[in-house]
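Two complexes, one shared chain (subunit A), two partners (subunit B, subunit C).
Then we have the complex of A and B:
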């Protein structure tokens, strides 16, 4: 699909904005990662690979990468499992509550991330809702640690991804057609088999779309891991902030930011290759 | 298939007794009713279809014919009534246990599966081994003249080919009943015609009990043993194509099936008249009535020709239209403009020629006028 040259100028406004707010800062970030940090901690302009060498040689970088990928995969998959039934229901219901339910499912997006985290603290904290119930029911003697650790971050991140997952799934369900399930029924397939043989395969594009989108969002999430992690959860996004703001090591922060970007691009390229193979 | 053929022979061995339809019939609908809010989509519908018979549900859109078919397949639940096949009540049985083939208007082929897998879909549900599935799918595809298309995707096929895959997918299971929902309406005219004959032939060869929903009367007339004409959720008339065409039971059937002239009649002291000309007709109901007259049952004649026992209406030939396989003459009369089919070989009257129309009193059908 080639756009005729005549309409290429339609891309001009967006192109100009992107060049200004995205391309230029990225180039600047790239340039910064080749600088050095002086003995006083100040940035010294240079063309050296010292920062990159230090970053890639540090085992902590690998740990951060692993942490980020595992957490993002877990939270994204959790969001997918929770969102899929709801999105499927919303996609095909003609209930008059559809609009309302869709709005409720998506409103978390409108709530400030910090406010949402405090909501989770109230629910998951040592004296929060969940622990009160568990303690009063006598199921546990000590409060269960559900925040300021990986569990808390995974729960919070999963919840924050759900609205995006629901929207992505509903957008990707295009090929799902009720008639196909009716056809499967007429051919003798009971409900569960209809789901496995027709609905699920046909919603695969939606699942992949939603998973990729939310995985990228999870990899770059900062507020939720920062606040629910209580300083015990180390990820690429939190570390970039630490390097830039606390350590004031701008070249290193720039290099780690680019490293994260390249990682995500590799993921998308791998997906693209897989998708082409499948098609 | 051998099974259903044998069963048919068995039925055929009892021609001496006049069998009650309900006893003989393979597929029976009793009092089938569906309401949507205040609207009655299907109103207490009764229908009996014999084993191996092909019946068309013919009617305008919104007459409830598709709703009837979907209730039959169990895709929607009736509000009242029963569906039985071979004396088994299926009303509460879910679709996947009904053993009915359904060919959807949109074909509903699975886009993620190739043609062979589409056809073998139902065989897999019945736990048939892979090699046997492949063999039967190939057979079914050969039956619809699509051998060699096994590896194609549905989107790589033309409409007619997709239609035939959908048919093969239903037939490969050898269902008790085959349901076709406007299955030809998405095809172009030429293809539709050849598919009509193809499906009819397959249906006959397999002797499969078939219900065919259509709004196209040619389809109903050519593809089915009997036609049930539906209107507003009811069956207005059921019979062979001939019966429906020659002796329509209701005003709606007369107007819906085939081309027909509608002539408003008036009453005076001596009887009926059309535009002041006295008309004789049979089976005239009370109240205001209209005469329904097929174009080919009216003769064109010179004004001088004696009418004899026939009805006679004078008119002026307005125009002769050649419709391909015949010519039609539009004639302006005191009772309005009528369409008359020109007898084969007869010369067309000149435009503006003064002529007379003749028809026997028993050829027309008279029905009460509807409140407009």
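Then we have the complex of A and C:
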């Protein structure tokens, strides 16, 4: 047996686990999407395209798709802009506090998502910290609505993505060579130009990796939009939950879940192609 | 026959039914799994129904499994359709109707569960007179901050008060509180939800800018008690209990314009592994004893028409004649068929009017 073939056997346990916990449920989901739903919600076993037709013909599906893509792009870009300087500092610094600062930066990952969101409600709510400061400073007469809307979801999602972005950026900064920046400086390039012409291009692979990872996480985020959206933010992930758990329309929930999966796969393929071309 | 002999025979005849019942109860043994709501419902149902049943049937062990929402319970029963692990399920009527249609629940006869004969006819009708009947009635109420809201909330129309702008938590459809509110506002506006909800949608559209959240989390009661909002939609039973627990901080209003019943049914799972014990529990849950204890503890209106409830407790349910007269008759199964339409109209005409 050749070496690659022998090594392929090593993938068997993981492959078997994946087939059991992922492929089989996905096939089951696919089967479910071909059932029908009766007038009062009862599921009718069938092999019908009715649910798919209804899903693709409903303009609300397009609205959900657009909402999800825009919100995910905004939150991911926000997380990138906030995380990049911190990640760069952590990558570069020789400080003995580096480990501690890195740990603090990714601490939100260790906190339960629900608890984190309720923390945001306490900070951004009408009687929260931010509004108390604004009101007491006389900057506003009425509390500014920062939660139970798109603003709240974008803030909460950005914050929840930041630790992932920091880790992805730090992992992708491998090609960042300080001697190249020193060379640029020795040739008279001011700091801003050094950053634009040397640092940023070299960190592009990290940016691509971090943005992609966080975008996918944002597209599937459920807790933050559910709790901070106040019923005003309609996304693919929240709609799948509503269909499955409130409306009991499992065939439609299954079809929408597969639609979202296909959308993400298409997005990943397009993103991969663009990233290869850029590289 | 001597006097002693006659007394012995008479006592024996009188005691026979009780002895037969005791014997039958002793024959019912094993374990049943009951799936029902979690939280304070579980605490109080266990105390007033499950524990007394276990004392009555010492051979039966009842495992109370918190089931989340009715839809989640339906998911559990669907997933176990080939090999049911659950015996009795307590859930909302729209969801139990789906389970009945899908053949997940079994039929029950008065011969198997004699308490069925004592039920309000409407309670059996929701189970199509053969499936699981209604076990509790609840109704939509408006809950408010009784400490800080001056003047207190008095009518459904008060929701549109200018001083409540930004201080409302309204559960929108598909939550059934939102569906119930739609029917109530339609009636308030002089309409009939069975024909159209146009008036309700138009009126609620003007309320939208005052709503802080259309999805109160964890619920409207908590948001009021935490000072986040002043008024919310809620269910009477839980609201009454929270009102007691907060020494009246939470006010509860059955709007004079009317409200609608929310119905929970109790159901026997088809293929139950312990049908006799499951039937015994179901029968007990519908009995006068259990219905009285649960209503007096948690203010759900009883479905057993023969039960006599303490007047003070009864007045806090919708079961008094005065309160019952205010109820808007609602066909929940019919609403399930048009729920998606209402849901879409809320999203596009009401929630959209509240801004992003």
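Just so we're on the same page, the second predicted complex is superposed on the first by the 273 of 279 C-alpha atoms of A that agree within 3 Å, B and C clash if a C-alpha of one lies under 4 Å from a C-alpha of the other, contacts with A are read in each partner's own complex, and residues count from 1 in each chain.
Throughout what follows, a residue touches a chain if its C-beta (ideal position, glycine included) is under 8 Å from a C-beta of that chain, and two chains touch if they have at least 3 such contacts.
What you are looking at is a predicted structure, and each value in this text was computed from that prediction instead of being measured.
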Touching partner for A:148 - first (subunit B), second (subunit C), both, neither: second
Subunit B versus subunit C as contact partner of A:60, first or second or both or neither: second
Touched partner set for A:230, first subunit B, second subunit C, both or neither: second
First, second, both or neither for A:40, with subunit B first and subunit C second: second
Partner chain in contact with A:127 - subunit B first, subunit C second, else both or neither: second
More subunit A residues in contact [subunit B versus subunit C]: C
Subunit B versus subunit C as contact partner of A:245, first or second or both or neither: second
Partner chain in contact with A:99 - subunit B first, subunit C second, else both or neither: neither
Footprint of subunit B on subunit A - complex, ascending: 175, 177, 179-180, 182-190, 193-194, 197-198, 201-202
Sites on subunit C touched by subunit A in the complex: 69, 71-72, 74-75, 78, 94-95, 97-98, 101-102, 166, 172, 174-175, 212-215, 217, 227-228, 333, 336-337, 339-340, 343-344, 347, 351, 354-356
Subunit A residues within the subunit C interface of the complex: 38-43, 60, 121, 125-127, 142-143, 145, 148-150, 226-227, 229-232, 234, 242, 244-248, 250
Of all residues in subunit B, those that touch subunit A in their complex: 73-75, 94-102, 104, 106, 108-112, 121-122, 125-126, 169-170, 173
